[in-house]
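Consider the two complexes below, in which chain A is the common component and chain B and chain C are the respective partners.
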Partner chain A sequence: MQRIIRNRRARGYLIQAVVLAASLLLTLSFILTARDNLVSQGIATGFGFLERSTGWPINFSIVEVTDRSPYSRMLLAGFLNTIIVGLAGLAGATCVGLIVGLMRVSSNLILNVLGTVFVETFRNVPLILQVIFWYAIFTHLPSPRGAIDLAGFGFLSNRGLMIATPSWSSWDLLILVVVIIATIVAARRFGGDRLLTKWGIGVAAVVALATALLFFGHDPDTPLISRPELKGLRFVGGATIKPEFSALLIAIMVFGGAYIGEIVRGGFLSVDKGRLEAARALGLSTTQINRFIRVPLAIRAMLPALTNQYVWLMKATTLGIAIGYPDYFMVVSTSINQSGQTMELLLLLMVGFLIINYTISGSMNWINSRLAIKGRS
Partner chain B sequence: MTDASVSRPPPLLDSRLEILKKRLFSNWFDGIVTLVAGSALVWIVVSIVDWAFLNAVWSEAEASRCREVSGACWSVIEARGRLVLFGLYPSEQHWRSTLACLVIVLTMILSCLPAMWGLKRLPALWIAGFGTFVILMYGGIFGLSVVTTEQWGGLSLTVFIFAGVFVLGMPMAVGLALARRSKLPVIHWLAAVFIDTVRSLPLLTILFAAAVVVPFVVPHWAQGDKLGRVIVAFAVFYAAYQAEIIRAGIQSIPSGQEEASQALGMSYRAVVFDIILPQAFRNTLPSTINQVVITFKETSIVTIIGFFDVTASASAAVGRGEWGAYYVEIYVFVALIYFVFVFGLSRYGAYLERRTRLHHG
Partner chain C sequence: MIKSTIKTVAAAAMMAGLALPASAADPGPTITQIQERGSLLCTSHNGSYLGFAEVDDDGKWSGFDIEMCKALATAILGNPEALQLIPVSWAQRFPALQSGDIDVIIKVTGWTMSRDTELGLQYSRPYFIGPTNILVRSDLGATTPEDLEGGVFCINAGTSIERIVADYMGARGITYEALNFEKAEELRAALYAGRCDALAGFGPFLAATRFNAPDPEGFTILDAVLALEPEGIAAREGDDGFIDVINWMMSALLMAEENGITQANVDDIRANPPSASVERLLGASPGVGERLGLSDDWAYNMIKAVGNYGEIYDRTVGEGSVYKLPRGKNHLWSNGGLLYPLVLD
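Up next, the complex of A and B:
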């Protein structure tokens, strides 16, 4: 025995066997206890429950769900809600971050100060507190009767933001797809390297899209634009953006923007000063230096950190549960409470987030490898 | 043209006024930006000062004036501040909660001093600080009455969760980092899968699993109370991130050092604790501080799974009744509490970054 313990290789095998056995035993005991509990509660394992109807509604969804919808559809609605608020949040946070980051690297003292104050204020307060704060602001707005009129664009009240929407028919999707394909083909065929032609094609595509939607896109007997109108105690027409969505979106935009602002700043600061001086010595103008040297190099330096930040922000959308935004996590946890199918739902939750995370990091890595300077590792 | 005006070189350093001019009005566009952004800045500062100081009501006695003024109603802090800071902790025992908070804050400040950085000193300090905190909060000895964890709340709960996560998570992180670098394939892969899985999940789902699912899969005798479970789960989450930081620190040490110490016949333990870990920690101090800052902010997530930390008690303080209209004041108050901790820590991190840069050229 002593010899085995002294022997390096034998000891290595022994340790590995013990660790492996211990982790297998632990997993096995979890499964057995869970099965005991399930049996005693009379819950059948398996994914059969996905077809049962839920019996509870959610207050926000882009696919149609009612309290009769099956679990599978409810989970899909939650998943889409996570994707929507996540993508909108990432886009918004990137815009905010770009502005704040540029303010912080600009030579103007006052822009520096404003950018720094923004970053330090919103980065140092927990996201969940900000979510709750914005939600409180939105729900303390006046009721629909005293709604704030946003100069014809819509109304803001404690029920959410009511905005006017174009009333489009089912032709829209077809038109949209056709125009997008036509644009891509045209850009490939005629665009080449000339920036002006590319812009021209882009403008033409937007004009074509607008005209097509205007003439064919809506049913002849409905108005072109559906405006929200006050009828009694609530608004009719248009579309409503719920306060839960707005609060979560703004919080993610502001909090994520503060972090992304720092990434943008870091990216610009990482550009070697010598390269900028060399460009100036070669007689490039400031615009040219920014366009060909500074921005491309800065973006390459930002991408890895940006990937991490995107994945992090996407996970942070789960905090929406604090204000009742029915994202994937909230739907899963409500389902666990209602159906008791703990293990299955937890597995679905993990799979859902793994898909989201790997999609983000995969596509960011693809962009990264496309942008990488050729001829370098 | 005189000789003097030709030969005099431009001054090496611009005068302050010239620097200011360069940074505010370098050309006409810059000047416009300065004017617009400057007036926005002035407007923001003036409205904040106006709201928070000039038109504010300060004491609870004057609370009736709150409806009339346009500024902040700080009376709500006097009326509800204790709820925010102490939660449901018995009010005659609030001094214990205060003292316990101070102990942890003192421990944090002490562990920031370079004199305390040692693989023996630092754990000793934290175990002492944490132990004192638990004795003060829980009681049961020295004639202190017992206050169960269900009654803990407010700032001391936030600080307790943070300290617990740090104290439990750090050793776990060291273990995970070493396991991931192990030459034994089973250990290496188990650690890698564990770390990557935990890192890909949102913290909230892990805490939720600890609060709701663990009672389901763990035998009754091994469950512990809900707060304990949540802190352990949070520590696991922290450890997964911290382990990667430590691993990066270990990788930044030239492998020759490890080989040299093995050649000298040092044991594995001596190599790890005397050669590798001290350097790994020093190299990764800024990112460690950053992770600690994030962890402190994320303690607020326990609000969602039903704990009464400082964020939850803020919501409770304005949730219903007479003070409901003054939610902004309460949230600003709580935001300031977090800000003091987090800003302090991140400034300290920036200082460390400068310091290490100076030492390593």
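Up next, the complex of A and C:
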């Protein structure tokens, strides 16, 4: 015994084991106490409620849900809503941020000032205010009966943007997505260095397939293009982008774009001047310097900060509750009110966001390690 | 704490019952206390609950619930001013009653099983039928929920309204889109902006929403009732004499309306009663007071002070008020409502 305690290594393991056991015991006692209290108050526990029907609908989801769907499906719909608005928001914020960041490092005075004004405006206004601001703008558009006609492409009203869509079935869409991914992979692997030719062939192939699917795959009774038409109080046909979705998306794009713009600017400024001078001395053109030296080095510097920003923006989708966008948080919150299963639903909420955010930071770290300069940490 | 109070009150009530064999003139402990104090302690609100308990800049209270408090004060003490209005929040109303800070809760309080059995309350007959209604934009020209086929409904998230609407529309095969908001302000803003065609909710809340709209004329409450919640007057359990008085107060207000007795003509009708029951009601012949431990002219005083049920309704939430809430199920049975007087023999 004495010998074990004297042994430094063994002592370390012993302490760790004791701490681990203590924290496990503590957690267990929390769970048991909570359960005892719930039982003594006659509150039902467990996940059985997930199979019960909710009795209330939500107005936006990509999987079909009604008021007869069980809680599990309603939660799935909310989870997917969070992922959709989150991913679209991240992509949009990255594009906005890239443009703003480039404006900020540009030597053109007007671009520079515009970029600075954008960043200082949207970074300094709380995100929830921006969400409500965009929502107020979208809901003050004309009603469906007075909708703005977008020259045959669709209508804009306070019920959202209604657009005409080609009548692909969901199977057609799935085939298209698979083919597009395959084309990108193939174009990157093969086809040599003639960029224009290989991407041209790829795009032409996808367009041809899409047209073929549209003509031969669609239900003969339906028109080729589904156009929105005013029928009673709403538009039927086409696709609708709801104002709740648009408002949240634009707010995240603009707010996130302001932050990402600064990250991009920091990345570019971090590139060592000596390297750029060296590249110039080698006789590389400006385009070549940007493509081979400046951008790759800048991206390496941006990635860690970008990961943080992405995770943060993903969590910001929970502001959807303020404007009635049924994201995961809102669906969980309503479910808590309706079913009373607070503990279980909060656990599901945490697990859901952990999954999303671990996935984001995991993939960003993977990209980071792939891009890192070999031999350096 | 509350439980022990209930037990004490219940025990006291039982002791009182044992010690004094029920006599027609014994009004029970609460009324005795009110008469000794010379005033009724009734509920008002922390702020204004539009239509039911509103306070103006001078601190003067008005509204449907306040009128009911006045009616009860007049019935017991003969004077509508013999009333102290205690502002309590929704959550405070039950503990305030148990601790004796108030004598009675008249505060659109739904009659639910848990309140009736677990909180130690005793309810009167419903004095107001709280409907779940639909408020629509007038320019849609809708008169029934069926006209709203395909429309967008704004609904308070996490409330029973979500389910009520889903059930009602589902049963009739009407498709609709539910847009759910957490807060009342956001609900109203979305309706005013035209993001939704209709707002479903508690009828009086809808009336206030319409009144507060930038253009109140642009909104209409449909007649259709999606669900009902009976609102009762709540007193401490075990004081049957007090509940009797409350029930007969309600009954007298309704009987007055049924017989066309108003604040204006009550003197004429008392001098020249058309039937024996009206004669009894107004105390022209004895009986209506003694059996409750009150004076025989309590109903006459009450109608003279606040008018009949219909007059109170119109003045506070109905056609005579800014809210213009339709009578709906709060009409007398003979007009398609759910209210009726008891038999005064």
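We adopt the following convention: the second predicted complex is superposed on the first by the 297 of 377 C-alpha atoms of A that agree within 3 Å, B and C clash if a C-alpha of one lies under 4 Å from a C-alpha of the other, contacts with A are read in each partner's own complex, and residues count from 1 in each chain.
The rule is short, and it goes like this: a residue touches a chain if its C-beta (ideal position, glycine included) is under 8 Å from a C-beta of that chain, and two chains touch if they have at least 3 such contacts.
Everything numeric here is computed off the predicted structure, so don't read it as measured data.
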Message: Contacts for A:M350 in the overlay, against chain B (first) and chain C (second): which applies, first, second, both or neither?
response: first
Field: More chain A residues in contact - chain B or chain C
entry: B
Message: Quick one: is A:G55 in contact with chain B, with chain C, with both, or with neither? Answer first, second, both or neither.
response: second
Message: Which partner chains sit in contact with A:P243 here, chain B, chain C, both or neither? Use first/second/both/neither.
response: second
Message: Taking the superposition on A as described, I'd like to know which of chain B and chain C A:L319 touches: first, second, both or neither.
response: first
- prompt: Where does A:A10 make contact in the superposed view: on chain B (first), on chain C (second), on both, or on neither?
  reply: neither
Field: Partner chain in contact with A:L109 - chain B first, chain C second, else both or neither
entry: first
Message: Per the contact definition in the header, classify A:R159: touching chain B only (first), chain C only (second), both, or neither.
response: second
- prompt: Between chain B (first) and chain C (second), which, if any, makes contact with A:S333: first, second, both or neither?
  reply: both
Query: So, does A:H140 touch the first partner chain B, the second partner chain C, both, or neither?
result: both
Statement: The shared contact residues of chain A with chain B and chain C are 136, 140, 321-322, 333, 336
Query: Which part of chain A faces chain C closely enough to touch in the complex?
result: 55-59, 67, 136, 139-140, 143, 158-159, 231-234, 236, 243-244, 321-324, 326, 330, 333-334, 336-338
Residues of chain A that touch chain B when the two form their complex: 12, 15-16, 19-20, 23, 29-31, 33-34, 37, 107-111, 113-114, 120-121, 124-129, 132-133, 136-137, 140, 315-316, 318-319, 321-322, 329, 333, 336, 342-343, 346, 349-350, 353-354, 357
Task: Using the touch definition up top, name the residues of chain B that touch chain A in the complex.
output: 20, 22-24, 26, 30, 33-34, 37-38, 40-41, 183-187, 190, 197, 200-205, 208-209, 212-213, 216-219, 297-301, 303-304, 311, 314-315, 318, 325, 327-328, 331, 334-335, 338-339, 342-343, 346
- line: chain C residues touching chain A in their complex are 140, 148-152, 157-159, 162-163, 166-167, 170, 177-182, 186, 189-190, 193-195, 197
